Amino acid sequence: MAKPPFNPRPEGSSGYLRVGLLLASAVGVGLLLQLLLGSSGIGGEDFAAASPLLLKGLGLTIFITVTSVLLGAMAGAGLLAGLLQPWPPLKIAIRAFCIAFRGTPAIAQLYLIYYGAGEIHALLQEAHLWWFFRDPLNCVIFTFTLNSAAYQTRIIHGALVNLPREQTDAALSLGLPRLVALTRVLLPQALLTALRPLGNELTKVTKASSVASLVTVLDLLGTAKYLVGQSLDFGFYILAAMLYVLLVGAIRLVVDAIERHLTRHLSPAG
Amino acid sequence: MLQVLQFGPGGWGGELAAGLAVTLALAASALPLGLIGGLALAFATHSRRAWVRESAAALAGAFRGIPELLTLFLVFIGGQRLINLALPLLGLNGRFEFSGFLAGTLTLGLVFGAYASEVFLGVLKTLDGSSIEAARALGLGRWPVLRFIILPELFRLGLPGLSNLWLSTVKQSALVSVVACDELMRKSYLGATSTGDHILFYGVACLCYIAITTASEAALAAWHRRLSRGRSRG
Amino acid sequence: MASTQRRPLVFAALLAIAMVAALSAQAGEVKVASEGTYKPFSYFTAGGQLTGFDVELAAAICKAAGLDCVMVTMDYDGMMVALKEKKIDVIDSGMSITAKRKKVVAFTDRTRTSGKRFVSCAPDKFKKIGPEDLKGDIVGTQADTTSADYIKAFYAGSDIRLYKSMDEAFADLSAGRLDLALSQDATGYAFISSPAGKGCAFVGDRLDDPKFFGEGVGLALRQSDAEIVAALNAGLRKILADGTYKALNDKYFPFSVY
C-alpha cells in the first residue's frame, strides 16, 4: 500500500480572504509607486467622490449576477424537463441551444442580442417587445439568463446521467411513479453532485457580467472605466479588481459552507 | 447580404478569416504560458517554504477572482508602464510597444495558469506513489522521474480539466478585441458598425466560435480516449 | 514517448510566435491614432482599409511636414492613457482644444471647427432643446468628450447614456434607444446622409460655447514633443495654403469644416 508522495493541501476558502488582504496591501504599494512615478495617486477627495459610484456599480454587478443565475435556473429546469422527454426533435433543439450558448463567448452573445435587437427594432416594436430590448440592462440580463441556463442544464443533466443505475432501478421497483422517482430520489442526489459546478457557475457569471460595461451599463467595471477616463489614473482598476476578488471570495465561502453542510452525511471519501 | 461577406477587396470575408487566424494564434500562444504557469503554481503550493506557498495561493486566487476583461486592462496598461520604466534602466533607447496581442496572450496565459493549477493540484492528490517508488527503485533521479513518470500522468489525468480550459481560453480571446487586437470579434465589430449588418456579422462570428469549440472538443475527447487505452480505469 | 520529447519544442515555438508577433519597436516613426469607428472621420471600408477625413488629413499634414507617420486605431477611451504611456504619439480623433485638456496635452493649431449639434430621428418631437424641454428624454454621446461634459452640465435632468464610440451612439439613435445624440456637426451630417439616418435631422442650433467646446478640433500630443507639434503646424499651414485641405474638405462635406 503506497503512501501518496504529496501531502494533500487542506482545501479551504481562507485563501481568498488572504488574497483580499494581499490586494489591499497591493493597493497601498500601487499608490506608493504612483507617487514615486510622479502621477497623481487617488487623493482623499477623489476617493470620497468615487466610493458611492463604485458601490453602486458593485450593487449592479451583484444584481445582474443573481438575477441571471436565478432566471437561468428556472429556464434550465424547463430545458432539463424537455431533455428528459422521449421526443427526439425537442432533444435536438435543446442540445443545439446548449451548444450555441456554451460554445460562443459571452461578449459575442451580448453584442448579437443587443445590437441585433437594435437592428430589427421595427419588427420588435410591432411585436410589442421593443420596450424590453430597448434597455441595455435588460439585454444584459437576457443574454446571461440564456447563457447560464445552457450551462446549468448541462451541469445537472450530467450529474443525473452519472448517478448509478441502481438508484433508478430501486426507485422504480418500489413502485414509485417516474416523476416522483425523478424529483424525490434522483434530483436531490444529482443536485448534491452539482453543487460545486453550480457554485463555479455563480462565480463565472459574476466575472463574465463585466462585459456589460461595453454596452453602457455602469456595473463595477463600467464605473471603474468611467473613473479612470475622468482622472487618467488607473488605480481605480486596481480598486475594482480588489472588490471583484472580495466578491468572488465571499460567494465561494458561502457556497463552500452550504456544500459542507449539505454533504455532512457523506463519508470523507464521498 | 452575402455579398458583404465575400472574400477580396469588396467584402469582409477576408477580414473575418484573418481575424479567425489571430484568434487561434492568441489561444495557441497562451497555451504554453498557461501550462507552465499552472505547473509552477501547483508545485509551488507544495513548497516547504511558507511564503512561496502563500504567494502561489494568492496569485492563483487573484487571477481566478478578477474578471478577465479587467485583468486585460491591468496587463495592457501596466505592461506598457513597466516596459517604459525598464527600458531606460537597461540602457535601451528605442520604443517598445506593448501590443494588444501581447497583452492578450499574457492575460489568457495567466488566467489559464491560475485555473490549470487547480486541475493539477486535484490530479496530484489522486496520484499514488507506486510508480514513483518503482522508478526510484530502478535508480532514476529526480528530474527523469518528473519528466517521464509524473508529467505524463499529470497531463493524461488532467486532460479533461485542461480541455475545458482550452475551450474557455478560445472564448475569452474574444475579449482581447477591446484592446484593438485584430482578432475575430474585433473584425466582426468593425464590420457590423461599418455596414450596420449587426446580426449578420455577429451571427457569423458565433458560428465560427461554435465550429472551433466543437472541433476542439471532439479532437480532445479522441485524444483522451487514445491516451487512456489499455488502462483499466480512466 | 516521442511526443514528450516533442512537446517542449512545440511550446518553445509557440512562445516564439507570441514574442515575434508582439515586437514592434520602431525608431523615428510617429504613431497617429484614430478610432476606426467614427464615420466619416475615421472608419474601415469593406476591404479593411482605414480611411476618413481625419485619417487622410493627418496623412497629408505628415507628408507636408516631412514626418514618417503610421496610422493605427484604438478605442477612444484608451487614447489619453496610451498617449501618456508612449504607445502612440498623436491623437487624431476630433479632440476639441480646451483649457482643461491643454493642461495635460499639447495641441496643434485648429484642424477643423468643433461646433456641436443635436441629432434626432424623430425631429418633429424636439422643436426646442433647452434643458427643461429635454427633461426625462434619453440623450447620448461619446464618453470623455466635450459633448459629454456639456450634456452632464446642462442636461442633468435627462437620462444620459455614454458610449464607447460615436458610431455606437448613432446605432442606438436609429434603433430608438436614444432620443437625441449630440455630436460634431460634420459627424451628424454624415449620419443623416447615410441610409441608417433616414428620417433623422438636426434639431436646434449649433452649439459652440468656447467654454465647453474650446477653439476647435486639433491633434493632441505629449507636451514633451514640442518639435513634432511645430512640424505638424508647419505642415498644416502648408496644406491650407496650397489647396490640399480644401480638396479634402470638398471630398467629404458640402460645407467648410475649417
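Lettered A, B and C in written order, each chain numbered from 1.
Everything that follows uses one rule, which is that a contact is a pair of C-beta atoms (placed from the backbone, for glycine too) under 8 Å apart; a residue touches a chain by one contact, two chains touch by 3 or more.
Not measured: the values here are computed from a predicted model.
By number of C-beta pairs in contact, the leading pair of chains is A-B.
At the far end from subunit B, in terms of centres built from Cα atoms, lies C.
Centroids built from CA atoms put subunit C at 35 Å from subunit A.
We define each chain's centre as the mean of its Cα atoms; on that basis subunit B and subunit C are separated by 33 Å.
For this pair, subunit A with subunit B, the centres built from the Cα atoms lie 20 Å apart. Among the residues of subunit B, those in touch with two or more other chains are 77, 81, 178, 189, 196, 198. Shared contact sites, meaning residues of subunit C that touch two or more other chains, fall at 81, 171. Each of residues 115, 118-119, 214, 225, 234 in subunit A touches at least two other chains. Residues of subunit C that touch subunit A in their complex: 77, 80-81, 84, 104, 140, 143-144, 161-164, 171-172, 174-177. Subunit B meets subunit A in the complex at residues 45-46, 53-54, 57-58, 61-62, 64-71, 73-74, 77-78, 81, 85, 121, 124-125, 127-130, 132-133, 167, 171-175, 177-178, 185, 188-189, 192, 196-199, 202-203, 205-206, 209-210, 213-214. Interface residues of subunit C, counted against subunit B in their complex, comprise 1, 4, 10-12, 14-15, 17-18, 21-27, 36-37, 39, 43-48, 72-75, 78, 81-82, 85-87, 165, 167-168, 171, 195-196.
Within the complex formed with subunit C, the subunit B residues making contact are 4, 8-12, 14-15, 18, 25, 28-29, 31-33, 35-36, 77, 80-81, 84, 93-99, 101-102, 105, 147-148, 151-152, 178-180, 189-191, 193-196, 198. Those residues of subunit A that touch subunit B in the shared complex are 2-9, 15-16, 18-19, 22-23, 37, 99-100, 102-109, 111-112, 115-116, 118-120, 203, 206-208, 210-211, 213-214, 221, 224-225, 234, 237-238, 240-241, 244-245, 247-249.
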